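Next up, some structures in structure tokens.
In the two complexes that follow, subunit A is the common piece, with subunit B as its partner first and subunit C second.
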Partner chain A sequence: MQALLSFEQSPPLAAPLRFFLSAPLFVVLAGVLLVVDGGALLGSRWSPATLAATHLLTIGFMLQVMLGALIQILPVVAGANLARPALVAALVHPAINLGALAMAAGFLFAEARWLQLAAALLGLGLAVFLGVAGRAVFRVPSTSPSIRGLKLALLALAATVGSGLFMLLVLAGGWPVALPGLANLHAGWGLAGWAGVLLAAVAYVVVPMFQLTPGYPARPAWWFPPATLAALLLSTLAVVVDAGWLNLIGRLLLALVALAFIAQTLKLQVGRRRARPDATFRYWQLGLGATLAALLMLIVETLLPAGVVLPAEWTVLLGVLVLVGGFLPFIIGMLYKIVPFLLWFDLQHRSLPGKAVPAMNKLLDEPRMRGQLHSFFVAFALSTVSVAAPAWLAIPAGLALIVAGAWLAHNLLRAVLRHRDFRRAGETAKMPA
Partner chain B sequence: MDFPAERTVDARYMEPPQPFVATMEMLDTLQPGEEMLLLLYREPHPLYRVLQQNGHRWQSELLADGTFAIRITC
Partner chain C sequence: MLEDHRHCDDLFAAAEQSAGDGDLVAARLAFGQFRDAVLRHFTGEEATLFPAFEERTGMRMGPTQVMRMEHEQMRALMDAAVDALESGKTEDFLGQADSLLITMQQHNMKEENVLYPMCDQQLGDAAGALVERLRSELEAA
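Moving on to the complex of A and B:
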């Protein structure tokens, strides 16, 4: 049999893995913030601790895993080869990690220098990534909905980074610019335009592949990414020309498009051919359920009559549902498929002809993933409830998040160490007697 | 799809790397110029690369239900 899956085209194993292994530590750090400053964190979306924790999760965890995964999957999903993936990873990885830490420190301690450092690190790191990934992706024709989605997601990432950098400089410089409207747009472009569209583009491939479901029907799959960006453009225009009704249409369109994607994914999962639900499937169910709840909250918020003021906790709860309930589970669920597969694939390539390679579950077994999944369920449940009773529950919720993040780090690191052991055993076997 | 079953690899519910293996195995049984059909819920870019390296031609079509129907010429 020929070399499986044209191994020589794959980026080196270390390029994506370094992102995957450092990302869970940011979940731990967000948990620490919840323990230390839970009252402030859960009381308002604008408190320094909330801004810090949000960006630990969105940049330190979500963005970090997504960039690492893209380095790995662009050749597979889009046939787009990144130039010098190892060098790109070596440049972008430290920039993202140090940038996320500097930003959290800048928010927490109200230090302009840290915010400027974060702007420099994240701006440079993401400029490198966007340049290299954009050059690779925009050169291939959009022959599938996934490729179209990847292109639009990269554009949305550029909008998120641009608006984020601007706000960091405003905060660091103390300029008199009102930020709430821009912050909402930044969150929309980041969560829906970048993370949501990227998730869909990847889901079109990995949901049928890993969960053995039917495929996403072609027509809605083509339309989901551009419809999401159209909704975001409407909301952006609404802020620019100060038209509340236009913002209402943009937000409703966004919510309906996202609901359609979730409903479609749930329908596919019903038709899956894998009888036993595994950890990834459970993680995706949690992600779909929590995002559904968050979208319903968004619709209610948008349709409320003028003059009705929602409590500050409303938006915090929405944020917890989207981040801790939605994106984190989607991403962890995918990590549990991607990491063992990459490690197994590497062993397969290195193995002697005719010699069996250890099965994937020898690298990371289901009971370990399931244990971590349960710890995450507890963390999610406590985080959600703690919005209503921060004085009682912020510390248990933070501790649970620390446990879930550390357990994830442990599981992934253990798989990497098992891979190293198997690889060494294989290399010993290759030596002449 | 008007294609004989014995020349079709329906890999839509197979886990990786089975679709790749099954396709390469079927190609091994074909004569130059003969065609086979691969059905998959994604575009197999890594397979395309190997097909190109081995001098095979292919044509891919996305059907309404999300299936990519890929005709490969040996």
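Moving on to the complex of A and C:
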């Protein structure tokens, strides 16, 4: 109990930070792919460049930040202390980074050895993480919707990793297995089950905390994570027994549950007591709006009569909305709260009692975050429109994504360097004259 | 006690809003009210609730000690924010306010999720009298 309240139980600063600092580089890499191979990338979800770019964003950026954040927040939100967080971070971090790069290379160059290497790195790294995090979290009783959400998200991550590894081996070995159905399930478990449920579990805590909104109502908050997993299980069962109608029910249920969560969050934000719209708030608004649009597309797609064939660009647009419009903004918005706070908290802990330390905006100020936010809005708008006119807009969209990713990396790195300067200044001040 | 946390949040939001709008007079007034309310809340906890908890459980160096330390941090942050407001440095004030808000929220989260339930559990029989005392302390001044 006391462990939950004390600073000493927080993992070392470097454990989460290393994930946060390397993640933005994968946004830059995805931008490079868009510049180099935009036509193929935007033309079909199955092109090698699309698969590579998707996994640069989902593994290299999203998963990477989420793992780093979990190492930090599991002790605070769930009272679940990870065993040896520094060692876990030191093992998982390189495995994720190299694994994401190997996978992108494997897709791009259709090279079986790279895919096998990716499978080995990601499989081992995530097995370590799931083992350690699972052991810590499943020992804690589910006393809040957040804790229940964290547990279910970890189960969904295991399903995502399992299905992903299987597909990598199929591709690398050239086995005769049809993958599209499985790939849809993999995407559903990864995006809705893992990323979506994790996002909700964290939002229950941070949305009221940062924006001073009312809390999420308890009953829907408890039900959202299990309802999401139930919908995914229905779709999974549907693929196994080959029942199209069941898949339809699963997908509709998933879309409705997610819509309910988005609507609830928007409603809370309307009732917020903090009127100042900061960069995080703007990022969340973009994320909520784009996800809403993507969910409506998913519903339309599901309800279309059999025989109507959608253009290949439809799914690509859906992907751009969910990833670039939805998850990236949510995550960047959170990074802009988490990183300055962790650095500031560390300074605070090192300072002499009663002596004020530099405020958070001295580490990372609002104008810098806002500038990067605007560059990201441009990147999102161009990526979305470029689906309709890849020949004209893929290159500008890719360049904009490179700028937004590099700017994010710069902002975060600058905050870390300023923290180091302040820390040194503080240490000199502590020495006797 | 939980409602008092929300009350302090409201006062904080009002002060930040005024400062953001550039209305320093209103911001000083609202932040003053916020600070008074928070200090009363701290005093209520430190003088009444925490000693009762420590008495009953024998845990003197436990959670209440961590909470006292965080109260100290927040007192320093509020002082720094007042200084910034007094000298008209709006940006500095908003920066301090941001740090203060997060410290305050995660502190409240610990109290509400861990310490208050422990207090309810440990002090169940004495709760009536204790709540009355806390209430009068929070309303005083």
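By definition in this document, the second predicted complex is superposed on the first by the 428 of 433 C-alpha atoms of A that agree within 3 Å, B and C clash if a C-alpha of one lies under 4 Å from a C-alpha of the other, contacts with A are read in each partner's own complex, and residues count from 1 in each chain.
Everything below uses one rule, namely that a residue touches a chain if its C-beta (ideal position, glycine included) is under 8 Å from a C-beta of that chain, and two chains touch if they have at least 3 such contacts.
Being a predicted model, the structure only gives us computed values, none of them experimental.
Peer 1: Could you check whether subunit B and subunit C clash or fit when both are placed on subunit A?
Peer 2: clash
Peer 1: For A:Arg276, select first, second, both or neither according to whether it touches subunit B, subunit C, the two together, or no partner.
Peer 2: Second partner only, subunit C.
Peer 1: Going by the contact rule set out at the top, does A:Pro75 touch subunit B (first), subunit C (second), both, or neither?
Peer 2: In the superposed model, A:Pro75 contacts subunit B only, not subunit C.
Peer 1: A:Asn361 contacts which: subunit B (first), subunit C (second), both, neither?
Peer 2: Second partner only.
Peer 1: Let me test your reading of the model: by the given contact rule, A:Met209 touches which partner, first (subunit B), second (subunit C), both or neither?
Peer 2: After superposing on A, A:Met209 lies in contact with both subunit B and subunit C.
Peer 1: Please work out whether A:Phe341 is in contact with subunit B alone, subunit C alone, both, or neither, and reply first, second, both or neither.
Peer 2: Touch status of A:Phe341: both partners.
Peer 1: With the two complexes superposed on chain A, say which partner A:Ser144 touches: subunit B (first), subunit C (second), both, or neither.
Peer 2: Both subunit B and subunit C are touched by A:Ser144.
Peer 1: Given the touch rule stated above, what does A:Ala221 touch, subunit B (first), subunit C (second), both, or neither?
Peer 2: Touch status of A:Ala221: first partner only.
Peer 1: What part of subunit A is shared between its subunit B contacts and its subunit C contacts?
Peer 2: 1-2, 4-6, 76, 79, 144, 205, 209-210, 212, 273, 341
Peer 1: Where on subunit A is subunit C touching in the complex?
Peer 2: Per the touch definition, subunit A meets subunit C at residues 1-2, 4-7, 76, 79, 144, 205, 209-210, 212, 273-276, 337, 341, 344, 348, 353-356, 359-362, 365.
Peer 1: Given the complex with subunit B, which residues does subunit A contribute to the contact?
Peer 2: By the definition above, subunit A touches subunit B via 1-2, 4-6, 9, 75-79, 143-144, 146, 204-205, 208-210, 212, 214-219, 221, 273, 341.
Peer 1: Can you tell me which positions in subunit B touch subunit A when the two form their complex?
Peer 2: Residues 12-13, 15-17, 20-21, 24, 41-43, 45-50, 53, 60, 62-68.
Peer 1: Touching residues of subunit C toward subunit A in the complex: what are they?
Peer 2: 9-10, 12-13, 16-17, 20, 59, 62-63, 66-67, 72-73, 76-77, 79-80, 91-92, 94-96, 98-99, 101-103, 105-106, 109-110, 113-115, 118
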